[in-house]
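Chain naming follows the written order as A, B, C and D, and within any one chain the residues start at number 1.
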Amino acid sequence: MAEDTVYMSTPDEFGRFGEFGGRFVPEALMPACLELEDAFLDAWSDREFLAEYRSVLADFAGRPTPITPLARLSERLGISVYAKREDLAHTGSHKINNVVGQTLLTVRMGKSRVIAETGAGQHGVATATAAARLGLACTIFMGEVDTKRQELNVFRMELLGATVVPVTSGSRTLKDAVNEAMREWVTCVEDTHYCLGSVMGPHPFPWMVREMQSIIGHEAARQLRDVRVGTPDYVVACVGGGSNAAGVFAGFANSSAQLIGVEAAGGAAVGHGSPGVLHGMRSLIMQDEFGQIEEAHSISAGLDYPGIGPEHAHLAASGRARYVEVGDEVIIDALRTLSELEGIIPALESAHAVAWLIREAGREIPLGSTVLLNMSGRGDKDVAQVLSILRSGS
Amino acid sequence: MAEDTVYMSTPDEFGRFGEFGGRFVPEALMPACLELEDAFLDAWSDREFLAEYRSVLADFAGRPTPITPLARLSERLGISVYAKREDLAHTGSHKINNVVGQTLLTVRMGKSRVIAETGAGQHGVATATAAARLGLACTIFMGEVDTKRQELNVFRMELLGATVVPVTSGSRTLKDAVNEAMREWVTCVEDTHYCLGSVMGPHPFPWMVREMQSIIGHEAARQLRDVRVGTPDYVVACVGGGSNAAGVFAGFANSSAQLIGVEAAGGAAVGHGSPGVLHGMRSLIMQDEFGQIEEAHSISAGLDYPGIGPEHAHLAASGRARYVEVGDEVIIDALRTLSELEGIIPALESAHAVAWLIREAGREIPLGSTVLLNMSGRGDKDVAQVLSILRSGS
Amino acid sequence: MKSLERHLRALRETGVKALVPYFMAGVTTDWVRHVEAAIAGGANAVEIGVPFSDPMMDGIVIQEAGLRSLANGTTLDSLCAEVAGLALGVPLIAMSYYNVFHHYGLAASARRLADSGIDGAIVPDLSPEEAEPWRDACHSVDVATVFLVAPSTPSERVTRIATMSEGFVYASARMAVTGRASDLGAAPRVVAAVREATDLPTFVGIGITTPEQAREAAQVADGVIVGSALVRTILDGASPADTEALVNSFRRALD
Amino acid sequence: MKSLERHLRALRETGVKALVPYFMAGVTTDWVRHVEAAIAGGANAVEIGVPFSDPMMDGIVIQEAGLRSLANGTTLDSLCAEVAGLALGVPLIAMSYYNVFHHYGLAASARRLADSGIDGAIVPDLSPEEAEPWRDACHSVDVATVFLVAPSTPSERVTRIATMSEGFVYASARMAVTGRASDLGAAPRVVAAVREATDLPTFVGIGITTPEQAREAAQVADGVIVGSALVRTILDGASPADTEALVNSFRRALD
């Protein structure tokens, strides 16, 4: 980690972060990726666009989200934990930050429709929401397994006027939803934007989505300064594709804070993956000895993904961030602990970050440390699943 | 409406707003009501308490909530509609404002437990949430009918560590949950605070809850000034017990805005009620010719209540506010319209206010009017119910 | 002094502990027979429940009785008509919630009760603070307004309530709604507090379930009120004869 | 010039339109027999699908074939071993996704293909921008890297791709993943654009389902690629003889 390295800046002209990233898509999609890159570059330096983006986030999506000191959890663990409350953003997770930006960009590019993949359904709901607001048509691809465990979110998307397509190929989860969305995009790229939901996929998505999520980290850094906490010792976020983590890390990339990404043990691309190419990017991917992609298995639909965004692969390789994993078996307990102590029911995804804190406070995390925990989403979508797990008496 | 009348100020020493209000409770509860009145008066003039209340609302509950201009709905209706986004408050509705205050008061009174009634479950979830945060024990009474149509919220309360007691007496809805909570309170008033969820019940509840909700209206008035909309022509809110309406009205009570409370046709205490005494208050109540309380019937559990807060009865009698009603049959359409046009799925309760706008824009509401719509809560809790209604093909 | 008070003071002077059973009017078609049976069994006064849809102070037994009664079509008028003709020889005290009288009209209600031979009224959700209009209405027709004192009532308040109450003071044995219980609760303490404030007859109620409890309560108080224990048996199909026997078992315990 | 290109240029010079059927390696145990049958039926080259778990550019037919093949245990090694011994007399072109080669190692993959007699590779998710390492690896072992041009490819880009492609240029008839279709789509336009940029043989693929479509495509292009239409019948149980007959019907339409 060289002293003068600047972390989380712009990728190179091929969209690479170190040896990861790039653009591995069918030729049919290349022009769209190039167009998107241009459009994003242009918009992201256009004051008017930025002003509109920020005002929609404020007036529609409820930003800034607060920082909540978690007094009782902190006392229990012997560390000072502050939660960045993305669960309070409209639609219930950080996903809205990204889709607000991408749907505004869709309109700017003159397209009239968006498609998206979704795992937990949060990105699908967010996309359907932002599309509704702008009168864009919207189709969401969702693994069939996920349509079942996240039924509530399927309903929400339908009420928002979106069409939800259950994906029955492969493991029928997030990975397959991405495949299917890509296949669909090939057929309609002219008038349709693929509103990717995490810091993954071909350039410019990993970079663009990180930029659109970086408001989380920048807000949090300012808020912690305002309450005189300053730079926390740790910044902790769960990692599926990695967008909420990238967003919060962006505010602390060049600070002294240790950055920790928490993967689901059954979907740990850093923990169990190796370099590979999937969904348009070169990154760390869980794969077998023949390069076949492994099916992720996580209690949480949003982390049920065998890859990770390329910038995270790079942050891991460079040592700037560290990626850890927690298993399904501790997630429900973590969710209950936070609910009962703090009155915040976290999403199962976010509960992974909580579980890591609970496990490591006083071990890896020295007592007395200050921790910023990114509460990426609320658990409403999960409570039916959690209760059925609890009732089946595990 | 005399020129110099001040609306929505303090009730008289008996807790009366005009001829409504008062304190009609079993003697066992009178000391607790008196103690509460003292505690509230004391706390509400204590800067430290107020500072804590406001900081919990900001850091934990996500206040201020934004004002969202509803561009596409406005265009469709020919009026300018701004939504006050209580749906973005923690737990998904305005109910959190009140329980944050009451649970802090509970601690201040040295009590260790709260009980509450709930209809839609939002007040129950909010109470369980605020109780969890402070380590208070919590029991929630909920009509059995409502536990079924709001199953998600029952799960949420359980995860938050609360005990949910299904109430099987009477109509098994909100009214009966209040009865049961009152009965329970009699047995445990020493160490337990009854955290009433609306501007109803015996003095000081109607006044105290209105004060704790008035932040909605005060914020909204300031926000509308900041964006140069100024005083809207109409302020519109749904009315169950009337807390969200009272909260938003409080910011405009002495302005030129017309105040409109929208009742469910099947629970219209102003529309179909007459003066009566129920749940500790004298107010307008739906009752039969013998003074037996009628069962309310509404698609929305939170409006399924045959009474209304006494201050509303007074505002109706004095002509300062007007109360209108909309029937179940237009609610689903209103919910879908808002969802599809604006990307905001309203609670069924809030959809009543939307439905009235849709019905009256260009009729009672002159085209070109400016309207502040209180979006009291989000519809996540309702989507399963709505989809099953839509699928059963009505 | 209201007739009810005169009657109950006189009773106390004879050294008899008052036994006041409660019946829900209209719960069965023969409910009046149960009232008569109770008197035959030794009741000194009878409390008559006027059903209300939302009985906030009642436990499940009396709630159920009230619902049955309403389902049977009972109204204030109908029950008054049923008791009006009777010559029972003991005072009757109506017990209901304020809305029933409020809706009927306060003056009209009071007159209706009086005309039917009812001597007093217990309205548990009517606090002393709110009671003036009702007391006024009752005053001119000689209906006594009975107030309750609860274990939670602080002493200054006990004094005030005891002073306002007419006929007798209802001392709640416990912090609970009507129902059955296994001990005397706070009754001795509550009665003692009332006694400090007034020499009005003081009856203990709420949770008096067995003759043994009644006997204990009568050691400190001037009488007992027995509600749910009797109503339960009627809901379960007791005959007037059963009621007479049950009331008589309480009577024997008190004497 | 790679062998594949020499071969296909030579074929074009004979005036024969190239017929290139696609088979998923390992989809059935006798899949190699289908390859042989196709050649007997008149195929001029054969595309061999190397199964991948996440075939982003494939429709349901080839997805299903790939999954079956994986379930049968097919690997790059196993399929290379199967084709290595054959003397088929026509070029073979591997078709897979980049991760398979990336994981196996680029140089090792290219050598493995070459050693098995495979002359070219189509890697639909490998854009020209990212292709240099793979092209380098293939170069030394005489494996041609075939690129696709899509209907959405703008003209400057067509020029670049056409210039980079080796063996032939794969002209996508439509904006779609592999599958069956009922018309020629944008094929004429795409082929024309490619022809402006290069004189490399240009084959049309994606959605060529019937001999009639193949004939039409061959009027503008140098050859056609037929995938899902053949794979579907194999999934449905077609024998090698069926495949030969089906391929032959395309052959006759082209001649």
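The working rule: a residue touches a chain if its C-beta (ideal position, glycine included) is under 8 Å from a C-beta of that chain, and two chains touch if they have at least 3 such contacts.
Quantities reported herein were computed from a predicted structural model and do not represent experimental measurements.
Colleague: Using the touch definition up top, find the fewest steps from subunit B to subunit D.
Modeller: 2
Colleague: Indicate the whole-number Å distance between the mean C-alpha point of subunit B and the mean C-alpha point of subunit C.
Modeller: 37
Colleague: Taking each chain's centre as the mean of its CA atoms, how far is subunit C from subunit D in angstrom?
Modeller: That gives a centre separation of 96 Å.
Colleague: So what's the Cα centroid distance for subunit A and subunit C, whole Å?
Modeller: 66
Colleague: Note the residues in subunit B that touch 2 or more other chains, in rising order.
Modeller: Within subunit B, no residue touches at least two other chains.
Colleague: If I count partner chains per residue in subunit D, which residues reach a count of at least 2?
Modeller: Residues of subunit D touching two or more partner chains: there are none.
Colleague: In graph terms, with chains as vertices and touches as edges, which category applies: line, ring, star, complete, or other?
Modeller: Drawn as a graph, the chains make an open path, so a line.
Colleague: What are all the chain pairs that meet the touch criterion?
Modeller: A-B, A-D, B-C
Colleague: Note which residues of subunit D are touching subunit A in the complex, please.
Modeller: Counting only subunit D, the residues touching subunit A are 52-60, 63, 67, 70, 75-76, 97-104, 124-127, 129-130, 147-154, 157, 161, 172, 175-177.
Colleague: Which part of subunit B faces subunit C closely enough to touch in the complex?
Modeller: Answer in residue numbers: 14, 22-32, 169-170, 175-176, 179, 182-183, 186-190, 274-280, 282, 285, 287, 290-293.
Colleague: Enumerate the contact residues on subunit A facing subunit B in the complex.
Modeller: 58-60, 62, 65-69, 72, 85, 88-90, 92, 128-133, 135, 151-152, 155-156, 158-161, 335-336, 339-345, 379-380, 383-384, 386-387
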